[in-house]
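Mind looking over this structure? Questions follow.
Chain lettering (A, B, C, D, E and F) follows the sequence in which the chains are written, and residue indices restart at 1 in each chain.
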Amino acid sequence: MRTVVVTDPPRADAGDAERLGGFGVATVHEALGRVGYLGPAFRPAWPGARTGGTAVTVLCWPGDNLMIHVAVEQCRPGDVLVVATSSPSSDGLFGELFATALAHRGVRGVVLGCGVRDVAELREMGFPAWSTAVSAQGSVKATPGAVNVPVVLGGQTVAPGDVVVADDDGVMVVPRADVPRALTAAQARVDKEDATRAAFRRGELGLDRYGLREQLPALGIEHVPYEAWREQRG
Amino acid sequence: MRTVVVTDPPRADAGDAERLGGFGVATVHEALGRVGYLGPAFRPAWPGARTGGTAVTVLCWPGDNLMIHVAVEQCRPGDVLVVATSSPSSDGLFGELFATALAHRGVRGVVLGCGVRDVAELREMGFPAWSTAVSAQGSVKATPGAVNVPVVLGGQTVAPGDVVVADDDGVMVVPRADVPRALTAAQARVDKEDATRAAFRRGELGLDRYGLREQLPALGIEHVPYEAWREQRG
Amino acid sequence: MRTVVVTDPPRADAGDAERLGGFGVATVHEALGRVGYLGPAFRPAWPGARTGGTAVTVLCWPGDNLMIHVAVEQCRPGDVLVVATSSPSSDGLFGELFATALAHRGVRGVVLGCGVRDVAELREMGFPAWSTAVSAQGSVKATPGAVNVPVVLGGQTVAPGDVVVADDDGVMVVPRADVPRALTAAQARVDKEDATRAAFRRGELGLDRYGLREQLPALGIEHVPYEAWREQRG
Amino acid sequence: MRTVVVTDPPRADAGDAERLGGFGVATVHEALGRVGYLGPAFRPAWPGARTGGTAVTVLCWPGDNLMIHVAVEQCRPGDVLVVATSSPSSDGLFGELFATALAHRGVRGVVLGCGVRDVAELREMGFPAWSTAVSAQGSVKATPGAVNVPVVLGGQTVAPGDVVVADDDGVMVVPRADVPRALTAAQARVDKEDATRAAFRRGELGLDRYGLREQLPALGIEHVPYEAWREQRG
Amino acid sequence: MRTVVVTDPPRADAGDAERLGGFGVATVHEALGRVGYLGPAFRPAWPGARTGGTAVTVLCWPGDNLMIHVAVEQCRPGDVLVVATSSPSSDGLFGELFATALAHRGVRGVVLGCGVRDVAELREMGFPAWSTAVSAQGSVKATPGAVNVPVVLGGQTVAPGDVVVADDDGVMVVPRADVPRALTAAQARVDKEDATRAAFRRGELGLDRYGLREQLPALGIEHVPYEAWREQRG
Amino acid sequence: MRTVVVTDPPRADAGDAERLGGFGVATVHEALGRVGYLGPAFRPAWPGARTGGTAVTVLCWPGDNLMIHVAVEQCRPGDVLVVATSSPSSDGLFGELFATALAHRGVRGVVLGCGVRDVAELREMGFPAWSTAVSAQGSVKATPGAVNVPVVLGGQTVAPGDVVVADDDGVMVVPRADVPRALTAAQARVDKEDATRAAFRRGELGLDRYGLREQLPALGIEHVPYEAWREQRG
């Protein structure tokens, strides 16, 4: 691995990132065509956390948080720190002191493909964190890695400057170039969902609203009364 | 798999289901002889959720929620929607819009052997949901399945009309025919536990209350003072 | 396995245990040189739980809580019950009735290398519990085991009388002989972290504070502006 | 759980079971409409094992193989022993001595939703075994369970007398009533696959053979030369 | 997700890919600086399989192998098919008929971030396959995806035309641009390892050969005779 | 963690260790009272491996094999190297070059609570290895640890000089002090199993041989003919 710290990568607009954060993960994920979600392994350290920011990426050796120290200096207001490890690890590479340093710099949260610790303190601070584990296991500062190179987390590539959106449903990435499209599509989806919600509250069915009912026969789906079905099964 | 929607299966009484929900999972599970629990993989989407209702069952293809749309129409007040997938999947087949449609129909909750999404919205709505994952991953509506056939979740068979009980401890199923026995046995257990709780608060020991102490010698359990034990170990 | 109940093992001081609980898992773990943590599989049954106490250890057969009944009698004020199973199990060996009996005896919490149940009731009681699963699955009382012998949980040996510290970050063990050192080192760490926190709030960087910046060249870490890096990658 | 040993359940024909075993899991699973597979957690104890037989089912308490001893007596030539546990367990409830006893009775193999041991000896004996774990962990004989009641393994219900088919791809169940249909459909599938295999060896594509090519445009799938695609991505 | 089939992407040289396959995964991974490994979840369907080829990538919907049918046509001699799914799935999307079709086209193997089936037949054919599961679970052909776009497997991005190396240790990717460097570095590593192996056979220690011994004091590593150590522990 | 290399710990007799290896894991585990097994996560790198030796223990930082280099020098003929990591890791800390160095010193195998690599080469060499993962992921040599201190693997404590027994069923530890008892008890168990095997081959049932049949009524186990059972179920 090249041990490099890339400085000043172009970022998506911090305001756009915040707006995407407001839409939330499920909406933006759907709006973009069901892409970018980091999967169910990433969970918030405390319920109700929600954020949208621009990625500063870090690649650490397992059990070693040296590169997070290196990365802090690269963070700006509106960023979200995104930490990957070079092989699977659950160690708690990030805790309350890092959160304090990042909060000072205006960073909006952290996403870790490993463990987080000081969960009670993060909750009190209101510093948003998502991770694949909660772990108090401490780390050394011995092995080099990289900052602001593309990293892979949960089957998705996160490039520096991409937008990271996260809430109770998990984490997703929006590539920087897709941000304008994401904003438009997310707003359109919200509008459509508002209409659908109103319809559902009136008792309309998705079966009818989405035109699914007429497709059922071609899919071989038949409705059978319970008694008839029991007889057929013998 | 037969692609069928069974209509109007007989259900357990909705009031009985509610009463079982009030007893809670651990109590009913014990009362029935330690059967019916779906195991520790099923977790509530938000803490404090609790329900009891009659099962409407759905079998979906992984990554495809077409059959949930088909199932909504089959739901009545007092039901709980129970969703299985034909092979392992963590995708979020169910979210807030479905919950809106179900709440309109008086459905009391959902149990998913896959993912749920819109967790923050479900918590705000107070719509109870249990699942094996939280995932924003969206789904298509392309592949047929079944509604109201028996499904297997967590090593238990759930038939349509069975009672589903769920709380912070997870989810269990009570076969429709066992509901009267479950009600009686759960009440008896609650009464017994009340007495035991009072005894424990007075300092009585389970060892004595359950008649275990006199069985210990036959089981080869001996009490040894610490110093003697250390010496024996060398 | 020898089926023995060791009585009256020497314990660490209950007040010292409480003080270590106050420091919290991450702090004590670091203070002792990053040892003793039971790993990310142990989670609190309800958020915000925190404790420090002296271990009464139990070794159970999977699916069998007989030995917990035997162990209750061995518990004193200031203890924490620590339950291991002889092979992997997620069954809920411990619930609200046990908690009632233990609370009566002044026990400060429970740590289970298996499942816990009655989570809602434990939260209401404020009885702290950590476990590797939440499960309503009930148990029998048929097979002997041991009380107050050393047990292994999460890759750590817990001996009776050791101090157990637990909070939202998980669980750790402090061997009885290490308690004085742990107290001193934890206080020193807290003092150091207070100073670091204040520095971070002023904008100082860990990179400078920990003397890491001057080590970067020897580690081969170079800073490269984004545009230069893009060109190098081609 | 009712502690019962059901004797002499009707079985599918042992010769039919053997024929289904000859077809193999993937073929029979597809032939029946993609149902009945116990999932990827069930692995053979040694590669190349293959069997088809009629199920004798056992429900054991975790860590306890009493009911396997009870079940041996219920086995006949052509049977396959199918063992579930009442909660998750990896313990090695079955080994070479049981295999010796079963082989004497003409039993064709064993399927365990827990652990198997004596793997080297089973391989030497040529006794087929599938399980969710290999584990030397021994068991007690203390807690009752059931024999020849329906059990659930890997999301499938196995009833006594059903056919179990197993090979390097895992394990599946064919309900007794479906055996005639399974035999016919499996043979039809083999014939069709023979023709397909011959076609593929000549270079024909599934895209054409299955009529998929003409569906691609409606699915929105377009072919784009690499250079054009690169330009579109920017 | 864009539903596109990218045709004729530039590939690394098929001969170079074969040479890298000959070096093996561990060697090439080390030679490149410990990058590119897909992790321990990818296992060979049969022991002893080994390959090196150029990637044709496929992105499938879970439970749906339509896009593998589309991808076959894009394969050339020297390729390795690389299949990802858009969300986690263990279904067996690939089996012996696909292998027959690919073998006809000179394809050297398959890597699947999901399940494989027909394991016995693949072993007999000698067709190399790596996957994250073995599963007979069948699939539909209903949902579009992509061919020859970059996919992420095991935390690594695989682009079409990259070299895939796989053996008993798992799977790795070598980006097309890195192939020349990989060949040189792998050969250098083999030469170095040959010398090291010879030295180790003579009894030389890595401690001396790698210059580690003199670093031990600075790392705080001290040698203590057993008896002294026991006394210190008390 | 104390960074120490303990030299020349007393070992169990190498010949005794070999004899225990000959008995095998399941036999010795049972003979000692069902203790000492490291659990199903430890698998042999190649089938048929079998060994018994005296433990040289190593504690490594995740992703770092420095201490294995340090440990080689401490190994003698008859030893088995036992490697733990200070937090969960699947990285391949051990491969063919280490095996070459150890084989030169008469070491009988390796047990790793992390990954192994060069599986094909180890199989060719016939060097026995057990691990919790196969992984080509390489390691650094930067962080200190310990040699010949007690380590915990799979819920068992392994002290230097203890006997490690391993075969296709996994790995177990026999504390040095228990070796004489283990030898006697294992031989007794083999004799007993020989007699049982002969009886089972004659058709005797465990139900009778172990005196279980007469216990069934007290356990509430009743035999019910299939037809009667069906009627009772309704």
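The definition used in the following text is that a residue touches a chain if its C-beta (ideal position, glycine included) is under 8 Å from a C-beta of that chain, and two chains touch if they have at least 3 such contacts.
All values reported here derive from a predicted model rather than from experimental measurement.
Visitor: Which chains lie in contact with each of chain B and chain F?
Guide: A, C, D, E
Visitor: If we look at chain D and chain E, which chains touch each of them?
Guide: Where chain D and chain E share a partner, that partner set is B, F.
Visitor: Once the Cα atoms of chain B and chain E are superposed, what angle does the rotation have, between 0 and 180 degrees and to the nearest 5?
Guide: So the angle, rounded to a multiple of 5, is 180 degrees.
Visitor: Is the C-beta contact count larger for C-F or for D-F?
Guide: Comparing C-F with D-F, the pair joined by more C-beta contacts is D-F.
Visitor: Just going by residue numbers, which of B-D, D-F or B-E has an interface where over half the contact pairs are the same as at D-E?
Guide: D-F
Visitor: Centroid of chain A to centroid of chain B, CA atoms only: how many Å?
Guide: 29
Visitor: Please work out the Cα centroid separation of chain A and chain D, and write it as a whole number of Å.
Guide: Chain centres of chain A and chain D, defined by C-alpha means, are spaced 38 Å apart.
Visitor: So the centre of each chain is just the mean of its C-alpha atoms; given that, what is the distance between chain A and chain F in Å?
Guide: Centre-to-centre distance between chain A and chain F: 41 Å.
Visitor: In chain A, which residues are in touch with two or more of the other chains?
Guide: Correct list: 34, 37, 39-40, 86-88, 90, 135, 137, 143.
Visitor: Which two-chain combinations qualify as touching?
Guide: Chains touch in the following pairs: A-B, A-C, A-E, A-F, B-C, B-D, B-E, C-D, C-F, D-E, D-F, E-F.
Visitor: In their shared complex, at which residues does chain B touch chain A?
Guide: 3-10, 46, 66, 69-70, 72-73, 90, 92, 95-98, 100-101, 104-105, 115, 117-120, 123, 133-138, 141, 143-144, 148, 160
Visitor: Give every residue of chain B touching chain C within the complex, in rising order.
Guide: It is residues 24-26, 29-30, 34, 37, 39-40, 43, 47-48, 50, 167-170, 172, 193, 196-197, 200-203, 205-207, 210, 212, 216, 219-226, 229 of chain B that touch chain C.
Visitor: In the complex of these two chains, what residues of chain F are touching chain A?
Guide: Residues 61-64, 86-91, 135, 137, 140, 142-143 of chain F touch chain A in their complex.
Visitor: For a test of understanding, state which residues of chain D touch chain B in their complex under the given definition.
Guide: 1-2, 33-35, 37, 39-40, 84, 86-88, 150, 152-153, 155-157
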